[in-house]
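Two complexes, one shared chain (subunit A), two partners (subunit B, subunit C).
The block that comes next holds the complex of A and B.
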């Protein structure tokens, strides 16, 4: 059975990779196939996968994960400024530094569980946000955001990039904007997904799930749960740092907004919307939210008039008026409605919805489908 | 082991979807290069050309942003031959035909910068990568304008800055593809200084409350330098976050300080809030510890801000780029055309955005191409008149416009709800001019 499940995993990976790498094609009809948004899908996919390792497996809800995202971004931009425009050091340092910060925050926050843990992480996040926004202005450049400058040292490639204007991020000569940037993020997403899958399948993952279902019992059996929790926290922090550094790779600019509590809340929404504790759910959730944010918010009245032009004039105006509330700056309203529908009718997120639809076509035992929605 | 069962079913569906996608779309795969043309987003044979209007519709500067958007829409209407033509009657030299730009109809896409640099870059990226915008314009926060200018420069897309007042936009952070019509903080300082000496004397102590980002920093520095030359002294400036809405704790510190002039390096709603706090605490009626009456200065002033502050702004000195009450033909024509469409006079943010769009269109016509290389050449060193600011020049060295600056005062007896700022003095261009190398920076290559 073991080798059989291994084969399944390999096939799952292959299918996942194909879907991710062909995203520019199958997203074309949805109007979402342009590099900046594709990069976002991949990056927030990574962020959500990492968050799911903590929240989905252990049930510990962190409200401060944007901190690690921000730290990853700032570190990567500093690596571009000081060392080299090559993205590899930026990504590595961003991930490691976020991990180190996660050790600190996790060590303190994990002394409590439940709502107290959430509040502690939120407090840390708010602290880091304010540090980045005003106190640490020399390092973060505050509201103006940390950006590259012509006179940055860039000790490893100053000679190469001099006299060309502002350099762009690159992977051994390949520019990291546009489609190459997306493919880089996509490859990292696939690796991140693989690691997450290994964690889900491993005894370590099983212990994390055990913590979620009954931590007290686990302690009585003789497990010290805290090291496992701390590891889960650090790993998911590193995922967030990785996502943050990729944001800097595709656009070398880091602002404190990235660390605001709304950004932390967003990843919670993504995970729940997609399907908490499932492998693929968080990525779907991230995709849906980013799609709404970028495409729905750009709809204006002209677009709506085009869509509803088949209706008679008077009716068309009414429909456009009403629909106008839900697009453009009102996209949050649509997202809120969608979120409510999902939480009320599909507590297992979009993944549960997909399962339910498939269950209609195929006979499945009810037991296994309820398992999935967990 | 329900896990592997799950993948059994899931994978079948996925394999189908992925396979179909792969087979269906493989030939498209290598044709997706948007940059294949001679220059980025070349409209080629298309009948229309797309401009990207990237303004704050939410956040501290959203009021200004909305007015900018109105001006952009007006400009597009005029370029396409609609409306009354506005400044196309007064602009000199004028090469616009009312038939779009270079015979192509002007269309536009809009985006919300949220007054945040990353959001602004996201939305500019969408305009460039998805919508194919040939030029991006907008602003209202210098932090945002500088960030978007950098992005456009990298993508080799023209950026016509809207309202941005930081010295950095055309100083330290100037870019080859970025152009600014609006004046800057240094000019405000130079224009205000002589009037401050006349009004408040040479022995004053200033207390700066500064919005904590690029614009606030450079304005604080410019005003500090200009007033210290008059003999004023300055308290250690206090920086306030852009998102701040309650300034009462800051104002109590101001009242207890040794200073007697409060300089508000705040803009938009920020300034409304901080000034409201100052008035609530009775600052404007108090005698400072120095024995002089407290005075408030708002170096960058606009009618929109005055409107937001109501009676609080009466008597306060500041500087602006343009005001709707100016008596020249161009200003009158613009106010008329804007007010006809929207029912109220335009703000200075609206004015600068309208002018920028017209100047870009005119430069394309003169260059005979949308290619940024040609358009940049047409704009660099371009001298024009009849746009509401008198004779103006786009300096080639830093892409900054040089023109007269207005010193204004909050009107004590407004005749209408819009008659809020009174022009105290039109400061001639020569007095606010500076050497292009003063702020450093490098335009970089085309």
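The block that comes next holds the complex of A and C.
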């Protein structure tokens, strides 16, 4: 049984890697196969995986994780400005600095649980946003956003980049734009997913789930729950920092709006929509939301007329009128409806829906029923 | 005379104007089962809460194994060797039975905190064997992967008892372990507790059911209005006129 479940994990990793790396191919028919959007899928996937380690496992709902996203971005851009256009230091520093800030915010916020914890994280996030927007202008460049400049020191590769305009981010000479940029994010996503899977399978992960289930009992079987929660908070903060620094990799620009509470709320939606506390759910949720935001919002009347052109003229106009409300700038409406449907009928998110469909198929074919859901 | 495991010295605790515990002194001896009985609101649960660190007494001291435990955190006291079964079962309802008992086994082995995100539960064979063994002990080994929340109330209690036993505590506190159980379940639980007692476990039990008290307890203390008003063997306590007046009343005539 043990080696069997180990093989299952290896299989899961293999399938996941293949799906991620072939995304440009199978997303083609959905119209989502261009590097900028693919990168977004990967980056927000990482953000949501990390958020799930806190919210999904321990049940502590943070409303301030965009802070770490922002810190990761700022740090990475500073690394590009001061050190090198190589993305590795930027990503490492972005992750570490976000983790350090998470220690601080987590230490204070985790003195409370439930809604009070959420409010504390929200308060910290709004403070950070305002700091970035105005008070810390020398570091963050306020509302104009932090950008690269020609006279940046870039001490490690000043000689190489000084001559020809603004440099672009690179990985040992490979430019991080277009598909190489996506594949870099994709590899990081696969590593991030692997780490998350290890955490899920570890005694540490089990203890986090137990805290969500019954924190009182955890204390009365001798566990000090506070440091466990703090580690979960810091790990998820570092995931957010990693995602933030990858945003700077794809576009070396960091603005305060990245830290706004709406960004914190978005990752909550992603996690719940995909499947809270499941391994793969948050990534699905992130993908769905980003797809809606980028593809659905681009639909206009012409596209709709094309889709419904098989209908008789009068009816076509009516249908296009109604459907028009749900696409273009109305994509939030569709997302809202989808979210309501999922929460009401599938509290376990999209993953639960997939599981139900799989279970129905399995009932017709006498396959093993012992396989546990991911 | 046996060694004293738990010693309560002049414990006082008030909630607002209500005096829940007034000068409680108590000695719990090793390998004995001690019952605390008393009418509702006598302060029995408050007393247990003081013993496990859920409440800090206003004055007085609790000493466990010669060490002062007053004001210590619940997890510290648990690590020192006191385990508690609650009045309403405190289990992990969303986790499997195996996970429910493996967690305390991890706590026993690794202490109150261990950061090991890259270890895997798969390879914790010692913990797994121990967990299966304890589930056999409490008669729940038929559904290892079942979600604990779906168990019947009696089974939840048995599970909670198993979770406490796997901690191998020096002192086991039971808060009405048979409350709300059918007669058959109660008898099963008594048999189980007798078995545990025979292995030399020190037990403190709060109980309303006199049948349970008389089948298990070596000594009994009677608590009323925050004071211990009588103590002794079950037979002595049963015959004590003060106790009859304060608690047993006409019920056992």
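Keep in mind that, in the parts below, the second predicted complex is superposed on the first by the 363 of 374 C-alpha atoms of A that agree within 3 Å, B and C clash if a C-alpha of one lies under 4 Å from a C-alpha of the other, contacts with A are read in each partner's own complex, and residues count from 1 in each chain.
Methods note: a contact is a pair of C-beta atoms (placed from the backbone, for glycine too) under 8 Å apart; a residue touches a chain by one contact, two chains touch by 3 or more.
Just so it is clear, the structure is predicted and the values come from calculations on it, not from any experiment.
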First (subunit B), second (subunit C), both or neither touched by A:321: neither
Which superposed partner A:5 touches (first subunit B, second subunit C, both, neither): both
Touched partner set for A:224, first subunit B, second subunit C, both or neither: second
First, second, both or neither for A:300, with subunit B first and subunit C second: first
A:309 touches, of subunit B and subunit C: first, second, both or neither? neither
Subunit B/subunit C common contact set on subunit A: 5, 201
Subunit A partner contacts - residues on subunit B that touch it in the complex: 1-11, 13-15, 17-18, 21-22, 24-25, 28-29, 32-35, 57-58, 109-112, 116-119, 121-123, 125-126, 129-130, 143, 146-147, 150-151, 153-155, 176, 211-214, 239, 241-242, 441-442, 444-445
Interface residues, subunit A side, partner subunit C - complex: 2, 5-6, 195, 198-199, 201-207, 209-210, 212-214, 216-225, 227-228, 231, 235
Subunit A residues within the subunit B interface of the complex: 1, 4-5, 8-9, 11-12, 15-16, 18-19, 22, 24-26, 28, 31, 34-37, 40, 133-134, 137, 142-145, 147-148, 150, 164-166, 168, 177-179, 201, 251, 253, 255, 257-258, 280, 294, 297-298, 300, 329, 358, 362, 364, 368, 371-372
Complex contact set, residues of subunit C against subunit A: 52, 73-75, 78-79, 83-84, 86, 90-95, 99, 102-104, 106-108, 110-124, 163-164, 167
